[in-house]
Amino acid sequence: MSATIGVGLIGTGYMGKCHALAWTSVGAVFGPKRRPKLVHLAEADPQLAAERAETFGFEKSTANWRTLIADPEVDVVSITTPNALHPEMAIAALEAGKHVWCEKPMAPAEADAARMRDAARAAGTAAILGYNYIQNPMIRQIERLLHEGAIGAVTHMRIEMDEDFMADASSPFGPKSDGAHGYGALDDFAVHPLSLLSVLVGLPRRVVTHMSKPFAARPTADGGSREVETYDIANILFELESGASGVLCVNRSAWGRKGRIAVQIYGARGSIVYDQERMNEVQFYSADDDPAVQGFRTILAGPAHDPYGRFVPAPGHGLGFNDLKIIECAELLRAIDGDAGARVIDFERGLAIERAVHAMARSHESGGWVDLS
Amino acid sequence: MSATIGVGLIGTGYMGKCHALAWTSVGAVFGPKRRPKLVHLAEADPQLAAERAETFGFEKSTANWRTLIADPEVDVVSITTPNALHPEMAIAALEAGKHVWCEKPMAPAEADAARMRDAARAAGTAAILGYNYIQNPMIRQIERLLHEGAIGAVTHMRIEMDEDFMADASSPFGPKSDGAHGYGALDDFAVHPLSLLSVLVGLPRRVVTHMSKPFAARPTADGGSREVETYDIANILFELESGASGVLCVNRSAWGRKGRIAVQIYGARGSIVYDQERMNEVQFYSADDDPAVQGFRTILAGPAHDPYGRFVPAPGHGLGFNDLKIIECAELLRAIDGDAGARVIDFERGLAIERAVHAMARSHESGGWVDLS
Amino acid sequence: MSATIGVGLIGTGYMGKCHALAWTSVGAVFGPKRRPKLVHLAEADPQLAAERAETFGFEKSTANWRTLIADPEVDVVSITTPNALHPEMAIAALEAGKHVWCEKPMAPAEADAARMRDAARAAGTAAILGYNYIQNPMIRQIERLLHEGAIGAVTHMRIEMDEDFMADASSPFGPKSDGAHGYGALDDFAVHPLSLLSVLVGLPRRVVTHMSKPFAARPTADGGSREVETYDIANILFELESGASGVLCVNRSAWGRKGRIAVQIYGARGSIVYDQERMNEVQFYSADDDPAVQGFRTILAGPAHDPYGRFVPAPGHGLGFNDLKIIECAELLRAIDGDAGARVIDFERGLAIERAVHAMARSHESGGWVDLS
Amino acid sequence: MSATIGVGLIGTGYMGKCHALAWTSVGAVFGPKRRPKLVHLAEADPQLAAERAETFGFEKSTANWRTLIADPEVDVVSITTPNALHPEMAIAALEAGKHVWCEKPMAPAEADAARMRDAARAAGTAAILGYNYIQNPMIRQIERLLHEGAIGAVTHMRIEMDEDFMADASSPFGPKSDGAHGYGALDDFAVHPLSLLSVLVGLPRRVVTHMSKPFAARPTADGGSREVETYDIANILFELESGASGVLCVNRSAWGRKGRIAVQIYGARGSIVYDQERMNEVQFYSADDDPAVQGFRTILAGPAHDPYGRFVPAPGHGLGFNDLKIIECAELLRAIDGDAGARVIDFERGLAIERAVHAMARSHESGGWVDLS
C-alpha cells in the first residue's frame, strides 16, 4: 500500500475546482509515490462548503479555514481564494507546518509577498505558486531547446499576453477598473509572461514601461459613468542579464484574443515561436537546416515531450488547460518529497516575479528606466 | 446526500486509464445527479489488477472479469479490452442488467457487433460506445451551425483522418499488417470520421472504395521480411442520403500527421472547416458577410460552446483529448438517467457505423459502388 | 544589340492582358537571349483592337487574326481566345511556322486537341500551353525535393482545387451550367491539378470518378429556372503508375475557397503540403529530423528557389499570380531556342492531360474504374 | 492617341529593375491617361548603362545622370541610387522642373531630407517616395475598415518588422555594421512601419526607444574581428496623437523572418491583424458578430479590394511584391495629373517619417521619452 498525503482546499471558485481536479487525477496520470487523499474543504458559506465537498470528493468541510489548517490529517493546503487573502492563509498554513500550493500572484502588496516568502523560508516545507503555464510540455520543450543550444545564445525576445474580457467599452465599472485593486493588466497579466521568462531566460535586469487606458470611463449602475483608474494595457521594454533586449506587452482589452500568450525567442542560430492559444504546438526555426528547406517547423506535442505521454500515448491528440494543473500537482508532490529537480515556482521565485511587476509600475510613473535588483 | 453509481472497469491500458480519469473527474466537472463510486477493477494479471486499482482509486480488484460483472455493487461497466473481447464481455454485462460503456469499435466481425446490439435491445440499459470526438464542443458547435442553417444545405463534404504510426517502412511486421486483424486503416480509422458523419450529416447511402499499401512488405524479427496483408491507406467516394457528394480518406502512414481529422463541409450559404489537431478551433465562412470582409473565421472554443464552460470559464484556454472522455462520461450518465437528449453513439448507431466500414471493404473488392442499406 | 522575337497576341481579355504583361516584363526580369518585340494584336472589334494595342504597347492591330498570323514580323503567337477557337487558330499558326503559346485547355473535344498535337509535331516549332501553376518556384522546389528523394518514394497523394464562383445558388443559369459547354468542374478545373501531377509524379494510370450537382436548377432571366446540366463538383480516386493511390477533388461551388489548389504528397520518409492560396509557401516534413523537433516546416519562397531571385533579391517578399506567367514566358523563349530543359507543358503533354479528363468523365458514366492508356 | 510621359531612370540595381518593371507594366495594368515612354537611363558605368537600357527597354543611356535630368524628353525621374546620393539628384531634378519618384529613405541626414522637401515645395511638381507597402490592396482595405469605424476607435497597436539578413554572427563586418552608415535597424527598417502608421493612424506624438546589438563584433576579411557600431534591433514604445499606445519592433537579425511586417490594431469594437509575409490576407475580428461565431476572419485579397482587380479578375490568386510598385507608379501618375486623391507618400510626409526615426534614435541616447513635434 503506497503512502497517502492529506489534502486541504480553501476556496471553491474556478481555481478551487481546478485544484480539486488536479488532486483527483494526479494519481491515475502520474502514479506518484504518495497518493492524495481529499480530506478537508473550506468555503465561507457552510452550506456551499458541504455541497462542494461532496461534488469534489472531500471528506470534511468547514466554513472556517483555520479549522482546515489545524486539521492534523491535512498535509498540504491548496489556497485558491482572492489574492488579498493569500498572505494570511499561506502564512498560517506554513506556520502550522503544512505544504502550500497557492494561486498566483502571492499578494497585491510587495511587503505581504515578502512576508509569505519569509514564512516559507522559516517553515522549510514546500511552498509553490500556481504558475501552470510553465508546466506545458511545449514550454518544457522550448526550455530544452534553449538549454541544448539549438538556437544559440538568445539575442532578443518578445512576449505578448492578450485577452478581451475588458475590451467592451460598455461593460460596467467594476473592481478591475478600480485603482485600489491594482495597476491593471500589469499585475493581472504580466506575472504569467514573467513566469515563462523566469524559467526560460531569467527575469529582466531593467525595464521601461508605458501603460494606457483604452477607455477613460465606464458606465455605472446608476446610469452615470466613472473614470477608469487602472490601465488595461501595459507595454515594457526590457534588458535581460545577458544584455539581450526584449519587449513585453499585456492587453486585456484586445478584441479577439482569448488566451494569447505569444512568445518569440530569437537566437544566434535559430528562433522559437509559441502561442498559448495553440498550446499543443511550438514553432522552431534552425539556421542549421539546408537553406532551401529552412522554415519554421510546427512541432505537435507528443510523447517525445515529457510528460505529455502520461496523458495520451499518441502524439498530436492534445492536452488542455486543466491538464497543466495536473502536471503542476505532480511537480508539487515531487517538491514535497524533496526532489530538487521539481519544476515549480516557489515563493522565492514568485517574489522576484512580483517585484519585477512593481518595478515596471514605478517605471511608468517615472517615465524612465528602472533597475530590478 | 446525492445518489451514487457503482463503476466497474475492465482493462487498464491507455483507454482504461482514460475511462478511470473520466469517472474520477466527471463529478467535479459536471456535478451529475449520481456521483460515480469506483467499485471494481478487472485486469488479467491479479498483481497488476491490485496495483492499478490503487493507482486509479478503485476499491476492489479481480483477475476475473466475470467476478466484476457479478458484483451487485457495480451498476455500469467500462470495457476497454482488445476489440475481439468486446462481444463476450459486453453481452455478459448487459445480460447481468448492467449499463455498458464499451470502447469502439464493437467487434471485428459484423455478426458479433449485431449480437451486441441485440443484447443491448434486450437489456434496455444504457449501452454506448467510446466515440469521444463527437463530444468536442467544437463539433457540437458545427452541429449547431448546420442545424441552424448557418451554411444552408450541405452540398459537399470531405473528411480525412491521418496519422503516421505506420509510416516508417522499417517498422517490423506486426498485427496491424496481418490480414487476420482487419482491413487496415479502414477499420482502424474510418469509424472515427463515420461517427462524426453520423452526428453531423448522417451516414452515406453508397460508397466506392480504393485501398492501397504504401509498403509491400515489412521486416520480420528473423531478419527476413513478410508481405503486408492490410491496407494502411483507404479512400472512399460517397453519397449522402441527400445526394450530396463526399470524400473520405484515411491514412495511417502519413508522415507528419499525428491526430489529424480534417473536415470540410460546404453548404449553399457557407462553409465549415475543422482539424482535430487544432481541436479548440473551428473555421466558419458565411456568404452572408459583407463581400469585402468575407473570410474563414477562426473561432476559438469558449463558454459559448457548451460544455466548454464546465472546464474553464475563460475562452481560448483549451480542452484536451482526455477532457472529451469526461464529457462522454457525463453524457453516459444522462443516458443512464433516461435522458433522451443524451449525446451518445449507442450500440444501434455503432452497428450502423461498422456496417458502413464492411460495405466499404466490399467495394474495394468489387471495384464498384456498394449501397449501404 | 541582342536579337528580337516578334510577338502576336490574339485575344485581349484577362488572359490576353496577362500574356501582354508577360511579354512586356520578361526582358527586364530574365534578360533573355531574344528580346520580345510587341508587333501585332488581334481582337474581334477593330476599335477595341486599336485601343488595346496602344494600352498593351503593340505596334499594329487587326480585327482579323489571320492577318496577324500572316504577318512575317510575327514569330510567336499568343492565343488567349475562348477554348473553342483554339484549334483553328493554333493549327493555322503552326502551319504558318509560328511558335504558339496557347491558353489551356487545348480544346473542348479530344479529337481537336489531338489535331493540335499533330500540327505541332508537323511544324516542329515550340507549341506550349499556359499551365502557369507549374512555374511557381515553390512547385519547382517540390519537384526538386521529390527528385532528390527528400521524402522517399511517394506512397499517396491528394490534390484539391476549389473556388466559389458557382457557390451562389441564386446566380443565374449561364454557359457554365449548360452541358454543351463541358462536364463542369472536371474540365474547368481538373486540368490544373493534372498539370501539377504531370510534372511532379506523372499522370494516373486508372481512375474512378463521381460528379455531383450542388444545385439541381438555377434561375433564368425570365423569372423561371432551368435544370443544371453540368457538375460543379467532381471527385476522383486514382492510381499512379507506381501503384501509389491518390485522390483528386475539384469544386467550383466551395464557399470561401478563392484560388485553392491544395496538394498533399506523402512519401516513405516525409511529406509535402502546398496550397496555391499561399503560393509563396511550401510545407515540408522530414522523418529524418530529430523526433523531438519533427514538424512541418513552412518554407517561404526566396532566392534559394529558382527563379524567385529574378524578381526580388530578398526572400519572403512574395511573387504574384502574374509573375508565374512571366516565368512561363521565359521558359517558352528557352523552348523556342531549342533548350530541351525548358519547363513547359507542350501540346504532347497537354493532350495527355485532356485525355485524362475525358477518361474521368467516362468513369462517372460507367460507375467503375477506367484505364488511362 | 493618348498622351505620353517621358521617363528617366537613375540607378539599375534591384530597385532600378523594380521601377523599370513598373513603368513597363503600368500601361497594360491600369491604362493610365498618360502612357509612359522609357526615354533615358543613367548608370555610372557607360557599358552597363547601355546594356541595362536595352534589357529594360529604354531608348537612351548615359553615365552622367545630369545629362538625363537635362533631357527635355524626360518628364519624370526615378531615383534608385544609394540613399546618400538622393538629395543631390532629387534636388537637381526638381530644380529642372521634373517630377520625382525617389526610393526611401530620402537621405541619411535630416537636414538633407529637409532640403529635398523644400525643393519639392519650390518646384511644385510631384515628388514622392517609394513606400510601396502602403499600396497593397490589403493595407488599403485596413484603411477602409478603420475609416468606416469597423473596429471603432483604435485603442492600441503593435507593429513589428523582422528579417534575418544580419542574423548570422559569422557574416563579415560590412557597411551595415558601420556607425557611419546609420543607426542600424532603426533607419534601415523603421521607415516602412512608419509609412503604414502614417496612412493608417498617423505618426506617433512621443516615443521611448531601446536599441540592442545581437553580436558585439563581426569577423573581418583579415581574420580578425571588428566591433559592431550599429544596432540590428530596435524597440520603441509610442503614443499616438489620440493617446492610444503602441509598440514598434524592428529586427534584422531575426532568424526565420524574411519579409515580416506584422501589424496588430486593436479597437473599441474589433481588431485587425496583418503580416506582410502573407501579403494577400488580412485578419479581421468584429465584436458585432454573434458571440458563438466570433473569430478572426482570414480575408483573401480579391476584386473587392481595389485595385486588385486590375491585376487578376478572380480573388485569391495573389499579388506579388513587384505588383505593389506598379500600383505606386499608377498613383504617381495620378499625382502628376494633379489628382489630390493620389495615394502617395510625398516629400512632406516622407520628411515627417524620417524625423520620427531621428527622434527615436535620440530617445535611445537619452533613455527617456522624446516628443515628435
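In order of appearance the chains are A, B, C and D, and numbering begins at 1 in each one.
In this section, contacts are C-beta pairs under 8 Å (C-beta built on N, C-alpha and C of every residue); 3 or more make two chains touch, one makes a residue touch a chain.
Values in this document were obtained by computation on a predicted structure and should not be read as measured data.
Between the two copies, chain C and chain D, the Cα superposition rotates by 180°, quoted to the nearest 5. Distance from the chain A centre to the chain B centre is 34 Å, each centre being the mean of its Cα atoms.
Per-chain Cα centroids separate chain A from chain D by 42 Å. Mean C-alpha positions place chain A and chain C at a centre distance of 53 Å.
For chain B, the set of residues touching two or more other chains reads 257, 294-296, 300. Taken as a contact graph, the chains are fully connected, with every chain touching every other chain.
Within the complex formed with chain B, the residues of chain D that make contact are 141, 144-145, 150, 283-284, 286, 289, 291-300, 304-305. Residues 151-152, 155-156, 158, 160, 167-169, 208, 210-212, 214-215, 233, 235, 237, 239, 243-247, 249, 251, 253-257, 264, 266-271, 285, 287, 294-296, 367-369 of chain A are the ones that touch chain D when the two sit in their complex. Here chain C touches chain D in the complex through residues 1-2, 14, 17, 20-21, 24-25, 27-29, 31, 35, 54-57, 163, 165, 257-260, 277-280, 300, 302, 311-323, going by the rule given at the top.
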